[in-house]
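What follows is a group of structures, each given as C-alpha cells.
Heads up, the next two complexes both have chain A, just with different partners, chain B and then chain C.
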Partner chain A sequence: MSNAATMRPGRPALPEWVRRLPEYLMIWVPLLLSAAHLVSFSLWTIWISFTPSTLVPVTGWVGLRNYSAVAASRNWQIAFDNLLLFGSAFVLLSAVTGLILAILLDQRIRGENVLRSIFLYPLAVSFVVTGTVWSWLLNPGLGIQKLVHDLGWTTFKFDWLIDRDMAIWTIVIAAIWQSSGFAMALFLAGLRSVDSDIIKAAQIDGAGPVRTYRRIILPSLWPITITVVVIQLQFAISTFDLVRALTNGGPGIATQLPALVVYDLMFQRSLLGRGAAAAVLMLLILLAVLLPYAAWRYIQRRRAAHA
Partner chain B sequence: MIYLAVSLIAAAWLAPLVVVVLNSLRTNEEIAQGSMIGWPQHLAWSNYAAAWSGFCVAETCAGIRPYMLNSALVTIPATIFSTLLGAIAGYAVSLWRFRGDNWIYGIVTLGLFLPQQMRLLPWTIVLRDVGLINTLTGLVLIHTIQGLSFTTLFCRSYYVAIPHELIRAARIDGAGFFRIFWRIILPLSGPILIVTVIWQFTHIWNEFLYGVTFITGQQQPVTAALIALSAAVADIPQHGVQSAAVIIAALPTLLIYLLGGKYFVRGLTAGAVK
Partner chain C sequence: MPITTTRRRLLAGSAAALAFPHLARAQGAAKPRLTAISQWSAGSDGAAITALGKKFEEKGGVWQHSPVPGFTTEMMNKLRAQIMAGDPPACSQLKGPEIAAWSKIAPTVNLDALVAAAGYEKVVAPDLAKLHKPGGKWIALPLQIYSTNMLFLSKRAMDKAKADKVPVTWADFNDLAERMKTGGVAFPIANGGTRPDDGQKFEAALAGISPLAYRAAIMNLEKKALEGPEIKAAFVQVRKIADWMDPNVGAQHFSTNLKRFIDGDMGMMIMGGWAQGVLRNAGFKLEDFMIAPGPSDNGKPVFLLNADAFIFWQRKEPDLQAGQTLMAQLVMDPAIQTMYSQITGSIPVRTDVDLSGEGWSEGQRTTAKALKDAIASNQAVLSMAHNMAQENGMTAAMIDVITEYVKNKTIKPEQAAMRLAEAVEGAR
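Moving on to the complex of A and B:
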C-alpha cells in the first residue's frame, strides 16, 4: 500500500473508512436526521389521520371518517372560507402595495435606503408583536376610533375588530403592513434588472413613462409576480401567530383559520385523529398552490435551457 | 408628488412603532383616560423597569426578563448549530459530492414547504420519548434540525459558485474534507454566514407555535409570554407596561435588522428564489 509508507512507523494504518469516519458522520448525520424527520413525520401524521386516535395515538383504521368530520364541522368551514377571503385579499393587496412602493422607489429619489428600511422593518418583528400592536390600534375603545372620538367626531365608527363580518379584514390589514415590504424588495430587484437599453430605445421612440411602464417594464415582472403570489399564499395558508395575537379567532369563531383549527383539535380538544386530518388538509391546500408553481418553474427552466 | 406619496406611506408604516414607543412612556392611567394614540405628558420610564422585572404573568412576578433569557438560550445555540451544520452540509453537497447527494438535498429542501402543523404531533412524541418535553434543549433540537433546510440551501447556493479547481488542487495536495473546509471554504464564507445567522436568529426568536405547544409556564420563550401577558391582564389592562414589554421583546431582532439590513434583505430574496 502506498499510503502505509507515509504513515508514522509503529502505528498500524487505519482503514480508509475509519479515518474518514468523522467527515461521514458530519455530512450524513445532520442531513439524514433532517430528511428522515421530514419523511417520517409527514407519513406518521398522515397515518394518524386515518386512525380513531383521540387523547393518545392508537392503531386502527377509520378510513376517511376524520376527514368528513373535520369538513363537516362549522369551525373548519368558517376557517376555509376565511382562508379563501384572507388569502386572496391579502395576496392581491400586498402585491399591489409592494409594486406601487417599488415603482415609487425606482424613480431615483433621495433617501431611498431609509425609505426601503422603513417598509421592510415589520419583517424583522414577530407576528405576535404585530398582532398585539394592531389589536390595540384597531380596538374601538382604545385605538383609532377612540382617538377620533376624543378629537370631537363622535359618530366616527371603525370597529372591525369586534364586528363578526369585518373582523377578518383586520388580519388582512396587519398582514399587509407586515409583508408588503417583502413584495416591494422582490419587485424592486425585478425593476432594476430590466434591460436599460430596451427602456432607452422605447424613450427614443417617443414612449412616455406611463407607456414605458405598461408596455415594457411591467410585462417583464410576470415571473416575479408569480413568485411573490406563491410565497404570500404559502404564508397565508399557515397563518397562526398573527391571528392568535390579534383576534384569537374571534369574535366567536369569526376569524378562524385552518392552522388554528388544527391546534384546537390537537391540543385543546385532544382529538388527535381529526387534528391530523385537518393538518393533512392544510398540506393539500398548500400543494394545490405549490405543485402548479413547481411545474411552471420546471417548464420555464426547460425553455431557458433550450433557448 | 412622488415624495409626498412616499412620505405618507412611510409615515403610515412607521405609525404603529411610534404609537407603541410613545405608549411605553405613558402611564397606564394616562392611556386609560384617553386612547392608545397620544403624546406622553411626562416620560414614564418606570414602565420599562416594571416590564423588565416587575409585572406578573400567571402567578410569578418577575417581568419579561426570564422569558427573554429563555428565548436567548434557545435562539443563540440553535442559530449556531444550524448554521455550522448547514455550512458543512452545503459544502458537502455542492463541492465534495457523494453518492445520493442530490436525493438527500432534494428531500431536505422540502422542509422549506412542509407546514409546522404536520410536524407538531410527531415532535410531541419524540420530545416526550427522549425526555425533552418542556425543556429549552428540546426547542434547540427542533430548531437545529428544521433550520437545516434553510441553512443548507443558503450555503449550497453560495458554494456552487466556488470554482471546483480550487478544491481539486487542494485534494491533490492531500488536504482532507475538514482541512479544505477550515482553510479554504470558511474564509470565503463571510457574507453567506452573516445572511444565514441573521435569518436563523430572526426566525427562531420570532417563532411562536412550538414555543407555546411544547413549553409551559416559566420555560416559555418571550413570544408565548407576550400572549400570556395580554391574557393575564385582560381585566385590568396595563397598556403602558405592556407596550414597554412589546418593545423589549422586539428589540433584539429590530437591532439585528438595523445593523445588518443589507444581509437581512439578501436572506429574504435568497429564500424567495429557491
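Moving on to the complex of A and C:
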C-alpha cells in the first residue's frame, strides 16, 4: 500500500512545524497535562480551604476561619518553629558538609569515582528507609548509645531521639546524611568549572592553596550555592516521609512539621477544610523561598543579556 | 437439579419477602452478593474475616471483600473515594461516632426489621447500641468487642515482686509497681509509644478513678467535668505510669516489648484485649501472664468499650441488597460471633453467648464477665483513645495534649488538665 509521504519527492519539502511535530507533542502534551493537574489541584485546595469541609468536600464559605484555627493550634505553632530550626540548620549544615566533601574530592585523589558514588548513594535510598534505619541507630536502647555502653563506656549518653528538646536534631542528622551527597555533586561540578588558567595565575602570583580557595574558587561558586540552598529549602519545607518514619512527630508532638500537620488534619482528623488551609500555608512558605529565587534568576538573565 | 435450585431460591426469596417486604420487591431470586471493604487483611483479623466470608459463601452468597491494609484512616480514604464516586461498598468497616458522621454523607440501609427479627437489641450494651443507631434507626451492626483497659501482669515480674494478688484499685496498682521496682523489675510498666498507647493510659486512669467523671468529661464533653478535680487526678496517675515506663520506646509499637514483659523485665501492661491474641500469635504461653480488668477505685470493674462494626450503604442492585440481608443476619448470629471472637481474641457483642466452653481463654472469660458487671453497675464507657467516645478530630485534639504530657515531664498535671479543656474547646 502506497502512502502520501513516499510519493512526495523529498522529505525536506515538509514545512518546519510538521517535521518538528513529534517533538512538540512530546514536550508540550505532558507539560500541559502536568501543569493543568498542578494548577487545578492547587486551585481546588485553595477553594476547599475556604469551605467548611470535613469528611468530604462541601460547598460553603467560612472565610479565614480554617486559617485562624490552624494558626492557633499548638500543632501548627510547634511545626512552624520546627520548620524554621530544621530548615536553617539542615540547609546550612548540608551545604557545608557537601562543600567540604567536594573540596576534598577535588584534590585529584585516587578512587574518586568510587567515593563519589558512596557519598551520592544515600540519595538513592528512600526517605522511609533512611528514617527507619536512623530510628534504630539513634534509639538509645538499640543503637549507638547501646554500642558504646557495650564497649565499656557506660556513662556515654546519646538519647536525642527520645529527648523532646533535641529530637528535631535527629531529623537534621538523618536529612544531612541523605542529601549532603547531592550538594557535594553540585559543588564538585562548580569546582571543576572554575577556569584553570585563573588558578594557575594565582599560583604564579604566590597564593597558597587556602588562599586560592578563599579568594578565587569559593567566590565563583556562589550561584551554585544559591541553587543548592533553594533546592534543599524546598525539600526541607515539604519533608514528610523522613519524619514520619524517624520520630512520627514525637516524642509527644515535639517534632511536628507542616507536612505532617496537613496529613494529620486531612486524613487522620477528617478535617479537609483545615488540612487544605494548612497546605495553602505551606505553599505560601514555599513561595516565600521560590519567588525571590525566580526574581534573582530573572535579574541575572537580564544582566547577562545586557552585557 | 436446576429445578430444585430454582425452588430453593424461590423459597428463600419468599421467606425474605415475608420478613422484609421493603427488600423483597427488588430482591426476586437474585443470588446474594456482598461488596465489602475493611482494614483486616492479615494476622488474626484477616483470618477472622476470611472465615466470615466462607460462611457467607456456604449460605450461597458471593463474597467480594477488598481489604485496605494499614491504619483505619487508610480504609476510610478508600471509602471516601468510593462514596464520592457514587459507588459505595454494600458494607464497610466503621465504628463509634464515625458511624453517625459518615451516615450524613451517603444514604445507609435501615436495618431495624432485621435487628428486631434477630432480637439483637436486647443483648447489646446500651451505650454501644446507641452508636449504631444514629437518628434512632439501626444502620450498622457491632461485630466484636475489646476492652482497652485490660491489665496484663507478667508472671515472672510478679514472682520478683513476691506478689500474687491482682491489683484492684489504683493504689494497689501503684503499690505493686513499687514492689516490682524494688524486686528488680527494670520497668514496672510495659508499653509502646504510639498516640493511642498514651491515650489509653489516660482513659484507663480517669475511668478507673471515676467512671462518672469520664462519662461527663470525655463522652459528653461537659465543661464543668473537664475542669474537675478528677481530670487532674488522672494526669497525676498518668505521670506515675509514665515514670515506670522505659523511656527508650520512642514511637515503638507495644508489641515490640512483649518479650521483655514475658521475661519479667517489664511488669504490667495496660492494653486492649487484642494484646492477648498478639501474645498468643507471638508464641507466648497463657500461663506466662495474667489478665484482669484495669484498676478501678470503687472496686467494681470499669470497661472501656471498643467495638468493631459494619455499616451498610444503600445500593440499588437486588443481589447486593440480598447480600446485605444475609450479611446482617450472619453478623448478629451467636455462632458467627463465637467463631469470629475465637479467632481474634475479642469477646462477642452479644452478652448472651456462653464462654465457658472449649475454644475460649481465661482472659476472654474475664473480659466478658467484666463487661457484664460493668454494664450492671453502669460502668461500661466508650473508649476515647480508640475513637469510640468522640469523632476523630476531637479524639486527636485530646490525644495531642495527653501524648505531649506523657513525654514531657516538665508539664504539671494542672497545666495538662487546663490544656485538655482548651483543646476540647478548640476542636468543638
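To be clear about the criterion, the second predicted complex is superposed on the first by the 275 of 307 C-alpha atoms of A that agree within 3 Å, B and C clash if a C-alpha of one lies under 4 Å from a C-alpha of the other, contacts with A are read in each partner's own complex, and residues count from 1 in each chain.
Here, contacts are C-beta pairs under 8 Å (C-beta built on N, C-alpha and C of every residue); 3 or more make two chains touch, one makes a residue touch a chain.
This structure is a prediction, so every number in the text was calculated from the model and none was measured.
Contacts of A:Asn139 after superposition: both chain B and chain C are touched.
By the touch criterion stated above, A:Gln203 is placed in contact with neither chain B nor chain C.
Counting the residues of chain A touched by each of chain B and chain C gives the higher count for B. Applying the stated contact rule after C-alpha superposition, one finds that A:Leu32 touches chain B and leaves chain C untouched.
Residue contacts after overlaying the shared chain place A:Leu55 against chain C, while chain B stays out of touching range. When the two structures are aligned on the shared chain, A:Phe267 is found in touch with chain B and with chain C. The intersection of chain A residues touching chain B with those touching chain C, taken from the two complexes, comprises 57, 135, 139, 142, 267.
On the chain A side of its complex with chain B, the touching residues are 20, 22-23, 26-27, 30-35, 37-42, 44-45, 48, 57, 101, 104-105, 107, 109, 115, 117-130, 132-137, 139, 142-144, 146-147, 150, 177, 181-182, 185-186, 189, 227-228, 231, 234, 237-238, 240-241, 244-245, 259, 262-263, 266-267, 272, 275-276, 278-280, 282-283, 286, 290. Every residue of chain A that touches chain C in the complex is listed here, in rising order: 54-57, 69, 72-75, 135, 139-142, 159, 161-162, 164, 247-248, 250-254, 264, 267-271. Across the complex, chain A is touched by residues 2-3, 5-6, 9-10, 13-14, 16-17, 19-20, 23, 31, 34-38, 85-86, 88-89, 92-93, 96, 98, 104-105, 107-108, 110-111, 113-123, 125, 145-146, 148-149, 152, 176-178, 202, 205-209, 213, 223, 226-227, 230, 239, 242, 246, 249-250, 253-254, 256-258, 261, 264-265, 268-269, 272-273 of chain B. Against chain A, the residues of chain C that register as touching in their complex are 73-74, 76-77, 80, 83-84, 101-102, 104-105, 193-194, 246-248, 250-251, 391-393, 396-397, 400, 403-408, 423, 426.
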